[in-house]
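Look for chain A in each of the two complexes below; its partner is chain B in the first and chain C in the second.
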Partner chain A sequence: MIYEGKQKIWSDYQKEIPDDHWYFVRSCIRQNFFPASERMFTEITRNRLGKDIYENPYHTTCGGIAYHCDTIPQETVMTIVARQFALMTEAGYENYVASCITSFGNYAEILETWREFPELEARIRENLWKACKKEFNKPKNLAHTSDLIYHWREKIAELGKFRLVDKETGEPLRIVEHIGCHYAKMFPHKAVGGAEYPYVLAGMVESWGGQVVDYPERRHCCGYGFRQYHVKANRGYSVSNTHKKFESMEPFHPDAIITNCPGCPYFLDRWQYVIAEQTGKTYGRNGFGIPVFTYEEIAGLILGYDPWDLGLQLHQVAVEPFLDKIGIEYDPKAKYLGLNKEDIMRPELPTSLKCF
Partner chain B sequence: MDLYEELSKDYRFKEGLHTCINCGTCTAICPAAEFYRYDPRKIVNTVQSRDNAQIEALLRSETIWYCGECMSCLTRCPRKNGPGLVIMALRDLSVRLGYFTDSEKGRQMLPLTHAMTGNILNYGYCVHPKTFKWEDHQESGPVWKWHTEHLEKSMERLGANYMGEGPGVLRKIPQESLDDLKAIFDVTGGTERIALVEEYSRKKAQEMGMTIEEYERYAFEHCSDEHFND
Partner chain C sequence: MADFGFRLSKSSTLDLDRIDTKVYDRLCDTDPDARTCMACGSCSATCTAAPFSGMSMRKVILGLQRGQDVRPMLSNCMLCGKCTMVCPRGINTRHLILSICRIYDR
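Take a look at the complex of A and B:
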């Protein structure tokens, strides 16, 4: 009966996601830390699924991180966003997809604030005209890139070469999902599944053969906290929150973590390294950590892309045990090679955390 | 100045404060409250008291800088308050009045402002490889040290268009777009805000007997014990 209740609430949070023609904007954090993931988003959607995903090279940051570090006024971030919408309008699109949860939350907050306070929207239109001589329409549909991968998850499963299944036992792999705070906590109705039963990543895991692992701190923040990471003096906040999540998920023995947010996979990966180096504690088996992936990295693995084309060599937690479990082949010697197999040296290895 | 009135003009405040019933739900789920001596319930209650002296003390305190703006409180508050949104309005006012330099965490505004607005105005990104120094980010691990030492080659391997023309990952943002960003900063008070943070910080540095460079580095790196929960 409870399930029926959940299903009812879930049906309130079905999100309309148009099947094609999206205006695409990039993420500052993802371009820096997961460059291959963003490339994989356009590779999969355009080349494998045949969708129209348009990128205008004149677009910029949305200013969201600077805004949440309290360094720019609200009118500044709103006018930067208005300019982004103007570029979409000029290109003739009305579906807007952002590759970043901070951006997605930023766009959602701004659209909602304008809806509630139309006089503020009018002022931002004036600002934009004064500054850039541009005008804009608001997007008809706003999505996060993971909403689109979620929308096409069955198609990806159909095209897939692999599933999230242990090749030895045939059992589904145990996956923890982390959707990131600004995806559903501010405007639950803008998220697939809302804040109570967010389904965007869980849906992918299920469609691709895995099993979602629940644990007490599933919805706890990864610890980014904007200024709590960008200022060196505050980073204890960030690692402490990640630590809390790992202590909570440890007894459930996840095989991997799939993440939504631009910063979350970085923090969940790197703070495992720091915890291991500082305390000797590791959360995976045999001295390894729990590998942390973006949804495009997992989609790419399912579709049979080479793990090193997906950028998995930039993780500090080794991904190889996870690849071995599924039976994905890779060339260990090619992990750190440059383009055309150029030798560009290799990183040193951590002391406590096992890595290759 | 009636500080409550001033806060009421902020749209985040309008959205974030209705009536707080002091239930403490926000504090129970707050990641900052676990780590710092921080209680979002108390902050919201102080603000709704409209007591000018208490609000001023808050604006000058360490407390308002502890929040991580995760907005977990917004989802859970039974009265639809957003303590995280109230905090954003408090921080904004603290900066405008120059009160932020009274606290160690508030003084972090200088390095933060330089890092974020510098990246936006010079590169068109909030974070950029040219300013993300491994020495200041050793938690990014040996793999990142290697990546930054071979940045062009590593980016090329991953299919990025690093500092290149046209679309793609980490492309060079065209000058035209950077000019637009600068104009937006000028028109909307972003430029003025940078100057304000610099001016108040310079005054405080003098008071503390530091050069502005020493002050900025100290703000970025130094953390006293007083902030933490027992």
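Take a look at the complex of A and C:
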């Protein structure tokens, strides 16, 4: 990677990210896949950074998941989104932050479509009024939650107890950053750093002491791609995409992968188990896989939260080698203890992929 | 090996520096209209052998461009010539098939 060239590209794609007062909407699936990530976002931003992040319990899905699975028309999705904007307007906010990459892409696409076709926006306003007697203002600023963590990355580094550095050698850890396709590939100007080399996660890794790994298939899809996974017959295509990425990054020996999409961390994590069961191959050192994290989980680790409070025991790939490298302490016996120290049971171990 | 009901597919990546396009190049020398194919697939859509044998003239040309061995597919052709009749570019596809067979025989 020619670093100076990338810095030029990054400087061309910068977006305005206000420092405070955000209306927060959640993802449909993240809380099932990585249960502590969204909780950690609100914990860090509200309690550690003292920001105003408002959430309305009546908000719903943005409809993006059904839209990208081709099961509902775009006008329906637009009306759902219009209701979300109405809730934001009622709460008195102008900055809208979504936790899901597909939601972010969906909102960006809808706002862009309304800008281009105002008559469509008028029709959606009418639909919304007929459906639930609500009116809305469009958000002044639209961001993804990773944009906000990127915006506050230096403050997190200042507050942090740990850095992404090997405690034995003092060398920065080698981190692969993987950006969800819907973040920048549809509207590069809505992203930090554009579509070719988005800077949003690379910036976090650099600020927190790590080293970003560049590899040939860096911008390749993780393989989730909605219809590829939701139809069982297509899952071979999904896992083949992931396989291609791992084969490409393997020679660079990454220590971990950081992602900002609901689907990517899940599939990059779980498909390592499937690939290992089908081919016997693992991509980490000593039979382990490469651990995959969300940016909130990494931020939580940096700030010194207990790994098991971050939900890392629900990852398929063992995270302990990564924690040991940084020097983060954890209690192995507490790994499968849930709320009130209740036993949540141990999963069955895979045959090829080494886990604890 | 665990059976998940799906499995890894072989990568379809082509290394353009390594593929052997000798057969395609020779075909273009003898039948230059092979270059005018726009891969519309009309020939494949009308092929009598396609439904039961997997024969596809479009795939044959694509395979040659990618340096793949297309002989197994060609062996299914009955030389009926329907593909020639529907080609919007007027390519004599029946003659192309005979030429490809001749190149392989040499």
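Operating definition for what follows: the second predicted complex is superposed on the first by the 347 of 356 C-alpha atoms of A that agree within 3 Å, B and C clash if a C-alpha of one lies under 4 Å from a C-alpha of the other, contacts with A are read in each partner's own complex, and residues count from 1 in each chain.
The criterion applied here is as follows: a residue touches a chain if its C-beta (ideal position, glycine included) is under 8 Å from a C-beta of that chain, and two chains touch if they have at least 3 such contacts.
All values reported here derive from a predicted model rather than from experimental measurement.
Visitor: Will chain C clash with chain B on chain A after the two structures are superposed, or do they fit?
Guide: fit
Visitor: For A:Pro216, decide between first (touching chain B), second (touching chain C), both and neither.
Guide: neither
Visitor: State whether A:Ile275 touches chain B only (first), chain C only (second), both chains, or neither.
Guide: In the superposition, A:Ile275 contacts chain C only.
Visitor: For A:Gly304, select first, second, both or neither according to whether it touches chain B, chain C, the two together, or no partner.
Guide: It touches nothing on chain B or chain C.
Visitor: Chain B or chain C: which reaches more residues on chain A?
Guide: B
Visitor: Applying the document's definition of touch, where does A:Gly327 land relative to chain B and chain C: first, second, both, or neither?
Guide: So A:Gly327 meets neither chain B nor chain C here.
Visitor: For A:Gly287, select first, second, both or neither according to whether it touches chain B, chain C, the two together, or no partner.
Guide: The answer is neither, since A:Gly287 touches no partner chain.
Visitor: Once the structures are superposed on A, label A:Tyr237 by its partner contacts, choosing first (chain B), second (chain C), both or neither.
Guide: both
Visitor: Could you state the shortest Cα distance, in Å, between chain B and chain C after the structures are superposed?
Guide: Least C-alpha distance: 5 Å.
Visitor: Mind sorting out which residues of chain A both chain B and chain C touch, each in its own complex?
Guide: After superposing on chain A, chain A residues 232-237, 239-240, 244, 274 contact both chain B and chain C.
Visitor: Residues of chain C touching chain A in their complex?
Guide: For chain C paired with chain A, touching residues are 1-2, 4-9, 11, 13.
Visitor: Inside the complex, what are the residues of chain A that reach chain C?
Guide: 232-237, 239-240, 243-244, 274-275, 277-279, 351
Visitor: Name, in rising order, each residue of chain A that touches chain B in their complex.
Guide: Counting only chain A, the residues touching chain B are 26, 28-29, 31-32, 35-36, 38-39, 55-61, 63-66, 68-76, 78-80, 83, 105, 113, 116-117, 120, 127-128, 130-132, 181-182, 184-186, 188, 195, 219-221, 223-228, 230-237, 239-241, 244, 266, 270-271, 273-274, 309, 311, 313-316, 336-339, 342, 344-350, 355.
Visitor: Which stretch or stretches of chain B touch chain A in the complex?
Guide: 10-12, 14-15, 31-32, 34-36, 65, 67-72, 74-75, 88, 91-92, 95, 105, 108-109, 111-113, 115-117, 119-120, 124-129, 132, 136, 139-147, 149-150, 153-160, 165-171, 173-174, 176-178, 180-181, 183-190, 193, 197, 219-223, 228
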